[in-house]
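Per-chain residue numbering starts at 1, and chain names A, B and C are given in the order in which the chains are listed.
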Amino acid sequence: MARELTYIEAISEGLREEMRRDPTVFLIGEDIGEFGGAFKVTRGFLEEFSAERVIDSVLAEGAIIGAATGAALAGLRPVAEMQFADFISNGFNQIVNISAKYHYRNFVPVPMVVRLPSGGGIRGGPFHSVNPEAWFLHVPGLKIVAPSTPADAKGLLVSAIRDPNPVLYFEHKFLYRHSRGEVAEGLYEVPIGKADVKRTGTDLTIITYHAGVHWALEAASALAEHGIECEVVDLRSLVPLDRETILLSVRKTGRALIVHEANITGGVGAEIAAIIAAGAFEHLDAPVRRLAAPDTPVPYAAPLEEAFLPNVAKVREAAERLLAY
Amino acid sequence: MYRYMVLMREFENVILRLYQQGKMIGGAYSGRGNEATAVGSAFALGASDAIFPMHRDLGAHFVKGQSVRAMMLTYLGRAGGLTRGRDGTGHYTDRALGIYGNISHLGAMVPVACGVALAARIKKEKTVTLTYIGDGGASIGEVHEGLIMASAMNLPFILIIENNQYAYSTPIGRQFRVSHLSDRAAGYGIPGVTVDGTDVLEVYRVCREAVDRGREGKGPTLIESVTMRMSGHAAHDTAWYVPKAELKAWEKKDPLATFERYLQDRGVLTPSARKTLAAEIRAQVEAEAEYALGQPYAPGEEVEQGVYAE
Amino acid sequence: MSKIEVVMPQLGESLTEGTIVKWHKKPGDKIRKDETLLEISTDKVDSEIPSPASGVITKILFDEQKTVAVRTVIAEIETDEASAVVSASAPPPPDVRKDKPSAAEKAPQAPARPAPAAPPAPAPAPGRFYSPLVLSIAREEGISMSELERLPGTGEGGRVSKKDLLAYLDARKHGTVPPVQDTPSASAPAHQASAPRIESALKHVDSGDLVKKYPAPAHEILQMSNILMKMSEHMVRSVQTSPHVQAIHECDMTAVDRIRRKNAAAFEKREGFKLTFMPFICDAVIKALKQYPLVNSSVEGDKIILKRFINLGIAVASENGLIVPVVKNA
């Protein structure tokens, strides 16, 4: 059944329907109950589910993440919400030292999800716009997902909730209401660890996620008018990375451009570039390049943030330069 | 109760000896002086209640039903141990017994324990969650966050601060300004009580009250159990910084000796029975040590397994 | 001081003789180890023969154009120069050969290498960078470095990109680019840019009966090389013994290509050479022959001899001409 939802509506729907299906799923976060959440993802949830399942927490991210971990250890499936991904740093210790390591040390699953509204383009400034996924790429025991479309957002959330491991679910704030698309009704899973080729092509592979997918698709359309066909690989999952899809694409086109909104140094792109160098060296007709934000905090004022963020034009230009190599 | 206290002491004696012989590597932590707190508190719990024991609460494991063999294998890092060698110092989880494994960042466990308490309430189980922290560990921010959450949400949660006078080499005078750590409870609006941590029956009584309170849905309790760390922070620490006089004074209040006197006074324990019991337990622990030393480690090939749950 | 005998080498299992085409040294000449001593020609291949030792040529035992059995001693070298007795070299005894090349003639440049299984790997030309992908494709398609070096590039700094290389391959296939390396069945080894034409690689004959019949300047007579002769013999014989039928079908190889690309890396890692279309084609041919055995038969009088085995010959173009290795019982 084809109907369109926004990215944020898809997340709400996935959350709501999974909570209906599985009574062990509960929510914990700041202002998510009566207030419906800072972004209104959980509007109406308190009415439908009890206060025991939609918990308005104290303002303490360490306690939120820790409590979610404990509840997961005790057999429930908590979905914790950070009001902004930026505040995950207050719960960093809980995630990297407790949630991530628990199963390896003690063989007990930690089936928890942490929802993290991330990303810029909303004039949020340095503490409301960050893309911190790379901090966690380096922590064994976590899974990390970052959907770019409403359909993927819903399916990945369902998969994340059902996964017996701690999953960091990065939802892009700008895409909340700017991304619209077809979303199937009912519950379905988008597998974690599988990328999606959103556009096939033969001349250049653009590997990206989140807002980058939309920039890449638009740039690819423009380039197609000049006879250039780009392949756009939407990672969807950052841990585990879908190496197979990445390498298959790069081996086909011989040119790889990695695009992400997060700062360039030590970002997800660096890991992917290493994977490509090792796995597709002989198929490369050009060096692997990355387009990402510069190594600065996210600035507040519009011209500064514009200069900071990648966009369609920058992606197109980077693609053209790579094609000219 | 006495039996468990003796077991705790004998087990740690053996562990210390193995450490000194190089047969146990890493760190050997002693709970000497903490036996009453560990055993008395655990005794107040029911079989389904949850506990997060620290490294000086060995006795609590046994009270909750853990076997000596399993603990020995775990301490010696063997494949048959409860963590298969992936973590040491009693950092294991045995949900059937209600035992949850700490990490070395002890203060960080407090919110996790809150989560276990929360889960119990969501599941409508009438169980409580007990966790411990030290006089030093209590300075960690996550402890505060956990207490804030537990008190705001009225969770069936108990925190025992084991005030054994020293956090490694830092005496309590350099750690906090209040006279009693239980004073902090007022800041959270919950009951706080200080108890003589060398008196196992007192500890039991206070904990029992807290457990009942939690089970009845009346919320969390903060307990300060005052005792002394009779050994160094770990076997590698001679604790030269502790004034000899202080140690001498606390020796008079040794939890085992105190309880022995109590039991003997009431004719429950005779000197010969005491000797027999001690010998019996010692033999048991020695036998388990012997057994565990002969057991294999997990193979190196296993190192990458188990990062994720399937 | 010792005498080294130079023998007619056996350059292939089934070869029994070789023809001396040209001596590069005469008696009394000094020679270094590995320096070219002579050129020979056999049924299968023409080859330069390097000297087995350093020293002085003391004897040349057979003249040019003489055919001798393999392992026959054809020359002798004295390995200690100082003690070599160098007689004022008597010219080799006059022989039957009618067609002594004129001094002015350019000696054939033919490198006459042993049958190459793959193009040789020369050093890259200085200056231009070739990406791993471009080099892979070049290897796969049998394009030598020298050929690559001559290609125009539209990439940065004149780099040859994959697009450029594929365009070149396409043009070459359609004959819109003069082939630098000859296609099979064409002609003599001619790889120099300076001498791409067959004629200039062959020896010019200007005496004998033929010259009377076909006088200059209206005619020019060239000596066929051994390998050219064998090739033409075989080809004519094949037309005489079997009727030639040609059919053309178009085959969409997309699926095959996909499998090939998917397995390329693993295959090469395992086997040490590249996975081309050839194995797939061979496999298909074998499967087809098994289904239609009549295609794999010969005629003897009024009988058809059906072969219950498949000997698959794969024609390989080399710089020296056409070679057909046969896979027995494929």
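One rule holds for everything that comes next: a residue touches a chain if its C-beta (ideal position, glycine included) is under 8 Å from a C-beta of that chain, and two chains touch if they have at least 3 such contacts.
Note that this is a predicted model, so its numbers are computed, not measured.
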Determine, using the mean of C-alpha atoms as each chain's centre, which chain is farthest from chain C. B
State which chain is most central when centres are taken as means of Cα atoms. A
If you tally the C-beta contacts for A-B and for A-C, which one comes out higher? A-B
For the pair chain B and chain C, the C-alpha centroid-to-centroid distance in angstrom is 85
Quick one: report the Å distance separating chain A from chain B, using the average Cα coordinate of each chain. 41
Which whole number of Å gives the spacing of the CA centres of chain A and chain C? 59
Over in the complex, which chain A residues touch chain B? Could you list them? 26, 52-53, 55, 57-58, 60, 62-76, 78, 93-94, 97-98, 101-111, 140-141, 143, 164-165
Residue numbers on chain B that touch chain A, as the complex places them: 50, 82-84, 86-87, 91-93, 95, 100-101, 103, 105, 108-123, 141-142, 145-146, 148-149, 152-153, 306-310
Touch list for chain C against partner chain A, complex: 131-136, 155-156, 159, 161-162, 261-262, 265
Which of the residues in chain A come into contact with chain C in the complex? 248, 251-252, 254, 281-286, 324-325
